[in-house]
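Here is the structure we will look at, set down as structure tokens.
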Amino acid sequence: MHLNTKDILSVSRSLTGFAKKRKEDIGLAPDDISFRGERKMDQVVLRMVDYDAKDFKEETIGDIQTVLEHRKNASVTWFNIDGLHDTNVIENIAEGFDFDKLVLAEVMDVHARPKVHDFSNCILLSIKMLQQDEQSGRISVENLSLIITDSVLLSFQERRGDVFEPVRERIRTQKKRIRNGGTDYLTFALLDIVIDNYIYIIGLLGEKIETLEENLLTEPKKSVIDEIYTYKRKLNFLRKNITPAKEMILSLSKVESEVIKESTQVHFKELLDNINQAVDASETYRDILSDQLNIYHTTISTKLNDIMKFLTIFSVIFIPLTFIAGIYGTNFEVVPELKYEYSYFIMWGVMIVVAIGMLLYFKKRKWL
Amino acid sequence: MHLNTKDILSVSRSLTGFAKKRKEDIGLAPDDISFRGERKMDQVVLRMVDYDAKDFKEETIGDIQTVLEHRKNASVTWFNIDGLHDTNVIENIAEGFDFDKLVLAEVMDVHARPKVHDFSNCILLSIKMLQQDEQSGRISVENLSLIITDSVLLSFQERRGDVFEPVRERIRTQKKRIRNGGTDYLTFALLDIVIDNYIYIIGLLGEKIETLEENLLTEPKKSVIDEIYTYKRKLNFLRKNITPAKEMILSLSKVESEVIKESTQVHFKELLDNINQAVDASETYRDILSDQLNIYHTTISTKLNDIMKFLTIFSVIFIPLTFIAGIYGTNFEVVPELKYEYSYFIMWGVMIVVAIGMLLYFKKRKWL
Amino acid sequence: MHLNTKDILSVSRSLTGFAKKRKEDIGLAPDDISFRGERKMDQVVLRMVDYDAKDFKEETIGDIQTVLEHRKNASVTWFNIDGLHDTNVIENIAEGFDFDKLVLAEVMDVHARPKVHDFSNCILLSIKMLQQDEQSGRISVENLSLIITDSVLLSFQERRGDVFEPVRERIRTQKKRIRNGGTDYLTFALLDIVIDNYIYIIGLLGEKIETLEENLLTEPKKSVIDEIYTYKRKLNFLRKNITPAKEMILSLSKVESEVIKESTQVHFKELLDNINQAVDASETYRDILSDQLNIYHTTISTKLNDIMKFLTIFSVIFIPLTFIAGIYGTNFEVVPELKYEYSYFIMWGVMIVVAIGMLLYFKKRKWL
Amino acid sequence: MHLNTKDILSVSRSLTGFAKKRKEDIGLAPDDISFRGERKMDQVVLRMVDYDAKDFKEETIGDIQTVLEHRKNASVTWFNIDGLHDTNVIENIAEGFDFDKLVLAEVMDVHARPKVHDFSNCILLSIKMLQQDEQSGRISVENLSLIITDSVLLSFQERRGDVFEPVRERIRTQKKRIRNGGTDYLTFALLDIVIDNYIYIIGLLGEKIETLEENLLTEPKKSVIDEIYTYKRKLNFLRKNITPAKEMILSLSKVESEVIKESTQVHFKELLDNINQAVDASETYRDILSDQLNIYHTTISTKLNDIMKFLTIFSVIFIPLTFIAGIYGTNFEVVPELKYEYSYFIMWGVMIVVAIGMLLYFKKRKWL
Amino acid sequence: MHLNTKDILSVSRSLTGFAKKRKEDIGLAPDDISFRGERKMDQVVLRMVDYDAKDFKEETIGDIQTVLEHRKNASVTWFNIDGLHDTNVIENIAEGFDFDKLVLAEVMDVHARPKVHDFSNCILLSIKMLQQDEQSGRISVENLSLIITDSVLLSFQERRGDVFEPVRERIRTQKKRIRNGGTDYLTFALLDIVIDNYIYIIGLLGEKIETLEENLLTEPKKSVIDEIYTYKRKLNFLRKNITPAKEMILSLSKVESEVIKESTQVHFKELLDNINQAVDASETYRDILSDQLNIYHTTISTKLNDIMKFLTIFSVIFIPLTFIAGIYGTNFEVVPELKYEYSYFIMWGVMIVVAIGMLLYFKKRKWL
């Protein structure tokens, strides 16, 4: 696998986005409808899906008037807004739907934590939507806000491209469950997909981590450590986005409101099971990564150990031999041994005995 | 003990199964009855055990009709389904028993976490069933789902072969307790065996870990580290399957439903004690493994220390001696000492004094 | 202090006992009265103490008939059973006292966690009883079960020999508090002693740990590390037995039953204080041990550091000197310096200058 | 980036201020109005802002008389006191507003933890106000106390200079939300800014930490470790000030009092979201720093490894060669090889073979 | 700073006192009034302070008769007992005040954890009183028990000398708050001082720890590690005494009893703030110490790294040079180079080239 630095940077940039506050945003009134994020597309796009058990209509619209007309119908209207930078559009919505200004100010604050707020005429919830680009492998984060009213569900996204195609498909083709449900069931369907994507993305990362494991056992290279830390950072990034969503889903499953029917509550409980599964999986992979780091370090230090042992044994054996040779390389006039005919061979004999003796000593101390 | 790589892989594959989601499963409707797992057997097998205090019948059946007939009887019917891939069978059951489609969709989702859901006409619960093959030592995981109704208990397994033989035996032979109990008591009996198997499997692993401990104290080899990490991985795998079951059992012991009699509640409390024991044991072995890792590292570094010390002392003693010999190996024309008759012997004397002096110095500094 | 391997093994064997399950015990009916432990004595021994404010009787009895007679009296009867392997005796008790079979099945399960179960006509509680042999220093564990009824307290032990002598003595001599109390007060008195023994045993271990500390500061030997790990294992063993007892005592202090008078509740609160003290102490010693390990490692690595520094300085000083001597040991025909009369002395001078220069350099870099 | 020691000291001095108690302050009566902090300005400055939906007045006043006059008006009065050392002023306020002496004694205790106390005629709350000097980068902490009554909000600061300018600006210019709100909304506005500053300051630190990360991956220098520890200390300092504020905000959102209108409660909930975001961010950066430390250590030890390997290979190759040369440097009278004409060349040959042999051996053991 | 071993021992002795149980104390009846501590003074001293808003009396008394007379008065009587070893005195008090024997048995158990027990006619509470000797710096622990009744507060200390002088002074001089308060307010005043002393003592230790930090950054010596561990032990000792007090104060603030007036409850809440501050500070210093340990280890290993690098480079440069010299020190009859006139100078040239080459290589690999 190839890890380019862009890959790492894309993660850390998101990480940055997660916590920073611009100096000029400090002290804004809480109901100040101004966009506090990074503009991610040119033009705000409004899309509407309107359906009931029998009929179904899907269109891209120019202004919110069409939506407001559907407001009093019995049919369910899903109104999706891509792009948050155009304050006019947002203010029109606030007025058209008679929302508290606070509601839309919170929609604009794309860096906030996932949350559920129960207002008098609607429920606001937000969650981070994660998407992995199939080709580049990059993971993008986007804040998704949902405003749930009796007959209209408004969804706000930072840019085009979302994970909701399967829901649209189900609305188009399948006449049964989703067509009979209300905005609360639609909310569940959307959140379900967001969380399914969490599990999917963690699973992809997990697959790479497990592949790494096999390499680690067979041949630990230095690049492994970089990979481990890259995965660790990615995983931390995922966890920081997923874990707060758990709180949100928990709050959601406890909200008491007329907007949410009892029959939908059981589905929210299922969401809780799913988000728990995502969190569990991320914990598991964190443990695995941490074990991998330990295995790597153990392997490395075992190797250093081996090298040290080899050095010791090798040099320690030659040190006395070289010393002996040095002794008989001295130029003293009187060195009795030098005269004796077999001295040279005796020296070799002594050397061999010393060398074998030391080897035996090391064997005995279990250093070999 | 021999650890083959297959052994490790079988564990990590299961680990994979624990968290992954297939791309095509994202966005399925929650009541979509489609099998989301891996097909583990050819043919769905339906088995039925029907009993009351007096009578007892056990048979393999072709379709669910036989079961539906027993439905209104006072007798308890245990209906076991091995294999989940045949959507027709599952849909027949849903219709026959008049279950919400959601119930069976959840049964099909074999990767979900252990859970208890209380529906209007039944209770659904799922738990991971662990089995250890006596010969290969491999641990297999399977999702077990139970649907509890007034007079019928449905159990869904991914493949043939389960751990419930002792319960069947008790139903066959023993006329007392289990024959007088209802589906709730049968549920308890099944869960009890699943949890007993948790304790048993952890115990088997624990035995190996403790054997390792004794080796560790006597003779630490490099293979030990591999074993420790293999056990660690196995234990993590067990923990990830067992710990969520604890939550499930806790929820179960709090469920208020007509299906569960008060006299059975005390048994559910006992299940909680047992699962706590399993979790405790796994925590204990985790601590032991972590201590073993530390002991290993300490032993290794102590050994390295010894080797380093030996090297230092050895080479440090010979360094000045070799230097002295070198001095008198120079070819200067005027080196007064070379002429003196006893120089060579004096050199030896000096060398011995230096060597002993250094040894004493090391002794003093407690390096020996 | 001498640590024999038996000492270690006795601990780890108990550890084993803590978590294992025998294959043949899986799937037993919950009310199956069969002994699931290790038989620890030959013959079941039944002892009875019967007392009220005025009278007092203590005897070893042959069958449970004597106890049953005392059942309806106003006096308090403490009936102690040593040895659980004789199923007949146990079944007689179940019938005689009209207990649910479950009650005695739980008594037989000596590996279960400490627990309190509130049955219709009695309260069952179990706790681990720790005893330290004064001479060998071995710690033995035993499961103690108490069944509390209106007028009879049944205590079940795995073998003879317990920690309750002081209570018997108080019953024999002291006419006041305990003689006026009921079975609930007697329960408190027994549990109090069990917990006092926890504190006592932890204290003994703690004393050894603190002694170790002093050795560690003055002279760290290799054996120290073995001692630390032995203590760690012992402490873990104690903690695993003591910590679940805390939950049990907490449950007990919340039980609402006619059997337990309000005046006794305050004593149960005191038990909670005591068990908390035991748990605190064990946490403290765990922290101390972990600090000791760190100190040991720091000391060892500091020592290695010193040795490395010495080696470096020593060899680094001699390396250039030996090189110089080597240069003038060459046999080239033309080496101008060799001819010069004072060359040898100049060489010495150069060598001394080099050596001092290097020492100063090391001084400057604070390596000395 | 340059880290001067003053920077570090300024942090640790604040840390000191966080926990110390002066000997002479022990045993003061709880309602003793004496200043327990460090005097941070010469003269107490009293500022008043008085507004309602229509009118607005802002002035620096000499004594509290002016404020007391506004007390009964319908308008909201924000009375800010910079400097707490003048006991007279404080006592005048206590009398003028008829506060319990305890209220102002708590205001004076600037080292206390963030808290909310609900008194009969007012709510007292305190929080740490963090400010970062744009130029020096120093972070200053100051205790901010707010006393909320029906129509007057009193804010007490230790010195001039605060973070509230945006609120004043909103009061001056914007006639809408804040002008219509009461003292409770003003409280929210002030706390909102304090918490926004937490997020902002953590973000600034986070930016430096992330920059560090990039350096760490490309070229790890020794100075990096100092930076990491400096950031760690700064972050700990921030966390210790921010985390207790979370408890305070949580308590505040639960206070039931007439002073706080229900419409403001929703804003307090938003504060909780914000402080959670700050705490999350600080946790994230703590994890990142801890990872960075690990990466640093891994990099360093990998480098040491490389050096060790090089040393081993190099010296191990030359050790036998030098030994061979030493053998033929001996001066024995009979060394047969010395006479042979091609000996010298054969020696070279042997040496080359030995060297290559060893290189191959290292290659085989994967040390190269 | 000088750390004598006595200092360390005084701490560990206290640590011992914290957890040990004497063999002979096991199985004492809970209402057995026998002293379970170490006798710390010769003679029990009884002191009485009696006051109301108008009058005030302070005296050392011989027996408890004087106190009993004041019992029915409206005035508040503070009765202090120094020394617990005289069982007669204690039993007289129990009888005189008609306390349950249990109350005074708990007072005698000086090793118990801080706690609050609510009896029918009194409230018993105990807490550890820490005092630091100004000169020796030793910290002493003492168990303080308070019995609160309507009109009398009994305080039991193990020895003379306490931290309550400021309270006595306030009673003597100040006629206001404390003179108007009851025994509950007096209780608050005493506990407040005990907790203020916690904060003060932690602050003193913290100051030393912060001083250490500065030394650590400039010049890490080996003694530093001893200091860190000594502080760690001291801090652990403080934490183990302070943390359980938090639970006690929390329980106290929830006690519902006629003895404690509502107006005093707000003060107990303040105590909770203070004890939280103490606990926070101790956590902070623990983190700082743990960071310091890490910094120390990093510094040490960086230094070792430097030394290793120096050794490698130095020896690796000389190894081939010495080898070359060795080659030409051989005594072969035919070594062509030896005859050539400029060989010696060429050898020098080659050596210099090799040395420079290696330096460049190290530079390239960034080892220099």
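Going by the order they are written in, the chains are A, B, C, D and E; count residues from 1 in each one.
Convention: a contact is a pair of C-beta atoms (placed from the backbone, for glycine too) under 8 Å apart; a residue touches a chain by one contact, two chains touch by 3 or more.
As the structure is a prediction and not an experimental result, all values here were calculated from the model.
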item	value
Copies chain C and chain B - interface residue numbers shared by over half, same or different	different
Cα-centroid distance, chain C relative to chain E, in whole angstrom	26
Length of the line joining the C-alpha centres of chain A and chain E, rounded to whole Å	42
In chain B, residues with contacts to at least two other chains	308, 311, 315, 322, 326, 329-331, 335
Pairwise touch network: line, ring, star, complete, or other	ring
Starting from chain A, with chain B taken as the next chain, the full ring order	A, B, C, E, D
Residues of chain C touching chain E in the complex	163, 165-167, 169-170, 174, 177-178, 188-189, 192-193, 196-197, 199-200, 202-203, 206-207, 210, 213, 217, 266-267, 269-270, 273-274, 276-277, 280-281, 284-285, 287-288, 291, 294-295, 298, 301-302, 305, 308-309, 311-312, 315-316, 319-320, 322-323, 326-327, 329-336, 365, 367
Residue numbers on chain E that touch chain C, as the complex places them	8, 12, 15-16, 18-21, 23, 25-31, 102, 106, 111-113, 115, 117, 119, 222, 225-226, 229, 232-233, 236, 240, 244, 293, 297, 300, 303-304, 306-308, 310-311, 314-315, 318, 321-322, 325-326, 328-331, 335, 337-339, 341-344, 347
